[in-house]
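Note that subunit A is present in both complexes that follow, paired respectively with subunit B and with subunit C.
Up next is the complex of A and B:
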């Protein structure tokens, strides 16, 4: 292959939407002037509309019920404060900018292999969310059956993931896949926000995991949470230099909760917040088995060339405080 | 201190065998190669934002100056679209959609429907970014996830064998898959 002749590679970092620096999990962020701020709703309840169109196997009333349950699951997280309100049904499209947040089925042939997607319109002068739509792709078969339905994707599970985005969460990397002829399959995941689809028929993702709860709590903490939850912060380094884009996972040995975060700056610094107090084992790993675009802005020069490493000490997270200065040293593959 | 073996064991059992949801139905590399109408390596020279006639949807048109076509090949440049873009003070963002900036290089796997503007296979699955390794002056690509046989194979994050490969090697992988398909 012949390299394209052109000037030096330019990595433009004037991103309008990107991940916010530091903090547990992965939060969506927006560049406002020279600052990056978390993408979040500033007023509650979040008002949304439902399209008045169903899809084979799911009528509009069933769709509305599944969406309401998914919103309720997020709103029920005890350590955070969010709320939502269904305004009503609409004929508006969930893929268009019209000032309303709309959730519904739609056909998008250009988004094949995408079960559903969340879209934002953001005022980049303020960072304010103008609207957020979620479309569910009619190219797939859907189900609202309480126990799931063989061969059909569970609407409530997918809605829970997408509403996580709507609330400001990015993707989690806490999952494992296997490759099989014709595709990849999720073996396990400890986050609803893991970006790869489950097998049709599964309803496992109707329940939030510790990583999801930590992320939401990080964005919308309630006053009590600030006194009870804690954090771990530090750096991932290789040959003394910071590692960008490393995935750091904290495992609470008392509760078995898994919460992940990323290093999001050139100095390799990370903070995992929203953690339950207690002893944690830390592991750092490269995001070399996934599309980086699905997690981080690809213009970031993410380092994938290092070996998995466990921190050699157990890190104790205090209630309402943080453990700082953890250094995870990795070596090249 | 936590013994390393104990820590490994802890993590080995962290993930219960539950299947989880979300947005993507991921493709294996052969499917991406064979499913794409156009495969091109090149450098992004321009991005422009396009609103639909009713101004309700926004896409970014990416112009790629093509160095090599591995499949298809309409001309020296190719324009494809990705969801989202900024119009005035408002930015339209689809979570997980790829972004491109002028100057960067990539191998893109594109589809075309009904003669329309090409788009990226599987939202972001058809994008393989090319990085210039300054020490060696080589262009590197993160290798695709690809089944080696018919048996399921766990994708091990951080596996020593998963390293960026030279662009030329990546091109050979693509051509090998295409040749396999042609031979069937």
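Up next is the complex of A and C:
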């Protein structure tokens, strides 16, 4: 069984900040009244601290280097605008909720399946992320070896995933798994934000994929991107009724980019944004390659009873616009 | 000496007369179009279909090597027929230049198969709006004309821009097209203003537009229709 990169995301409560469900889509969100507001940073650079504690096989300087590389990978996405700044080392805990965003190791043997997790403090009236901490569980073995290390999880890869959460991204479902005793094993994935980690020793997740880039671009687009990227929206229906929790994947037949999204309401509506212009084919599948609560709130009545199918129309994404009204009809298994 | 004078006088006469003959030239039927004649035409067009680059949707494996196939695609633009309009002007009796537009609505289809979770094989389709705006130079082989000058073979070379709008008409992609054809005009009348039939076959080399292969491709093409001479 592969451990998950992050457990259910925890919203830390402070003063006026209230609990909000973490709707995982391409973006994390918070319910404000009747609408969902995306979680995002409003001020850049994101200032963060590194704990001054290492872990077996990784000292604090190596930890800092791996974290800096991971932040740099996200900041280098050309279609979005983010930046970060290391403030320095701290003795504070990476789960403290003290107004500082702290990344570091923490011993959490109780979380036997959680490699790392990201916590937030948010302003629930605006969705602004006020603070975010990331801990890496020392119950697992870690590596910063450039080529990876057998039996140890690659710190930079896992950091890249967690920093994706820190930036406001939820989990992606672009991956295939198989059930093995005690859990699931990842066969393949095309998103750093897939919730289940590759086996120890892999460094495949040091590189962002199209789905990750689309998600970040959706939250923090730069001015040029607003004119060049587009979206697809529509509904997934079964016997005329909306399907909740369906996973829709758009495949760009020009660039081979795979970008996914979910139906997030009872009417089966979905939107996939941050897409490159061009023709796409759509594939819809039930959310059955990881635990449903890795993606969506556990209280949601997600429909898994339908067959995987393709849409029979080529869907064209215009530059700076959207293609709406796509209907994907599925049938029960 | 006397013979020499006669030759000189004859040459002088020809030199004097010749311009008068040219300036007084009028169409007397059965001849070839002259410089300045205008030709307008239109009709149908057929272009061979072609396959488009068809990537496989793939996922990354833990090792980073040997990708995992999610499903396969097989895309093409099917052969299509459309319409064309042309306007040209003769520079000489054998050379003309013309500009034109071709329009068609070819179907693009993408066959989706080999899904890792056994999704039913599906053909996803869309209709393109295909325009070619081009210019050509035509060389008419008047010396090879037949049927009393009514049938005139010609060759045409030219190039222009391809514009293809995807379904929904919100995304336009442009490319280049170069063509070379050989054909025949057959005039049905003999007057200065006349109608004729025009047919040509050849190839068009296109690059870009809805075709993601930048190396270009050469496709058979046929055009036919009516043409009017003024």
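Here is the rule we go by: the second predicted complex is superposed on the first by the 298 of 333 C-alpha atoms of A that agree within 3 Å, B and C clash if a C-alpha of one lies under 4 Å from a C-alpha of the other, contacts with A are read in each partner's own complex, and residues count from 1 in each chain.
The working rule: contacts are C-beta pairs under 8 Å (C-beta built on N, C-alpha and C of every residue); 3 or more make two chains touch, one makes a residue touch a chain.
All values reported here derive from a predicted model rather than from experimental measurement.
When both complexes are overlaid on chain A, the residue A:189 reaches subunit B and subunit C alike.
In the superposition on chain A, contact of A:313 is made with both subunit B and subunit C.
By the touch criterion stated above, A:97 is placed in contact with subunit B alone, subunit C being left untouched. Touch criterion not met for A:327: it reaches neither subunit B nor subunit C. Within the superposed three-chain model, A:78 lies out of touch with both subunit B and subunit C [touch as defined at top].
Judged by the touch definition given at the top, the superposed model places A:278 against subunit C, while subunit B stays out of reach.
When the two complexes are overlaid on their common chain A, residue A:109 makes contact with subunit B while staying clear of subunit C.
Judged by the touch definition given at the top, the superposed model places A:175 against both subunit B and subunit C. Judged by the number of subunit A residues each one touches, B leads among subunit B and subunit C.
In the superposition on chain A, A:254 contacts subunit C only, with no contact to subunit B. Counting contacts as defined above, subunit A residues 174-176, 186-190, 198-199, 202, 204, 251, 253, 256, 258, 281, 283, 285, 307-308, 310, 312-314 meet subunit B in one complex and subunit C in the other. On the side of subunit A, the complex with subunit C involves touching residues 174-176, 186-190, 198-199, 201-204, 209, 251, 253-254, 256, 258, 277-279, 281, 283, 285, 307-314, 316-319, 321, 323. Those residues of subunit B lying in contact with subunit A across their complex are 1-2, 4, 7-8, 10-11, 14-28, 31, 41-43, 45, 54-58, 65-68, 81, 83-84, 86, 89-99, 101-105, 111, 113, 119, 121-125, 127, 129, 131-132, 139, 142, 145-147, 150, 152-160, 162-164, 167-168, 171. Per the touch definition, subunit A reaches subunit B in the complex via residues 1-4, 6-12, 15-17, 28, 30, 93, 95-98, 109-125, 130, 140, 153-154, 157-158, 160-162, 165, 170-171, 174-199, 202, 204-205, 247, 249, 251, 253, 256, 258, 281, 283, 285-289, 291-294, 297-299, 301, 304-308, 310, 312-314, 333.
By the touch criterion stated above, subunit C contacts subunit A in their complex at residues 52-64, 67-68, 70-71, 73, 75, 108, 110, 112, 115-120, 122-126, 166-168, 170-171, 210, 212.
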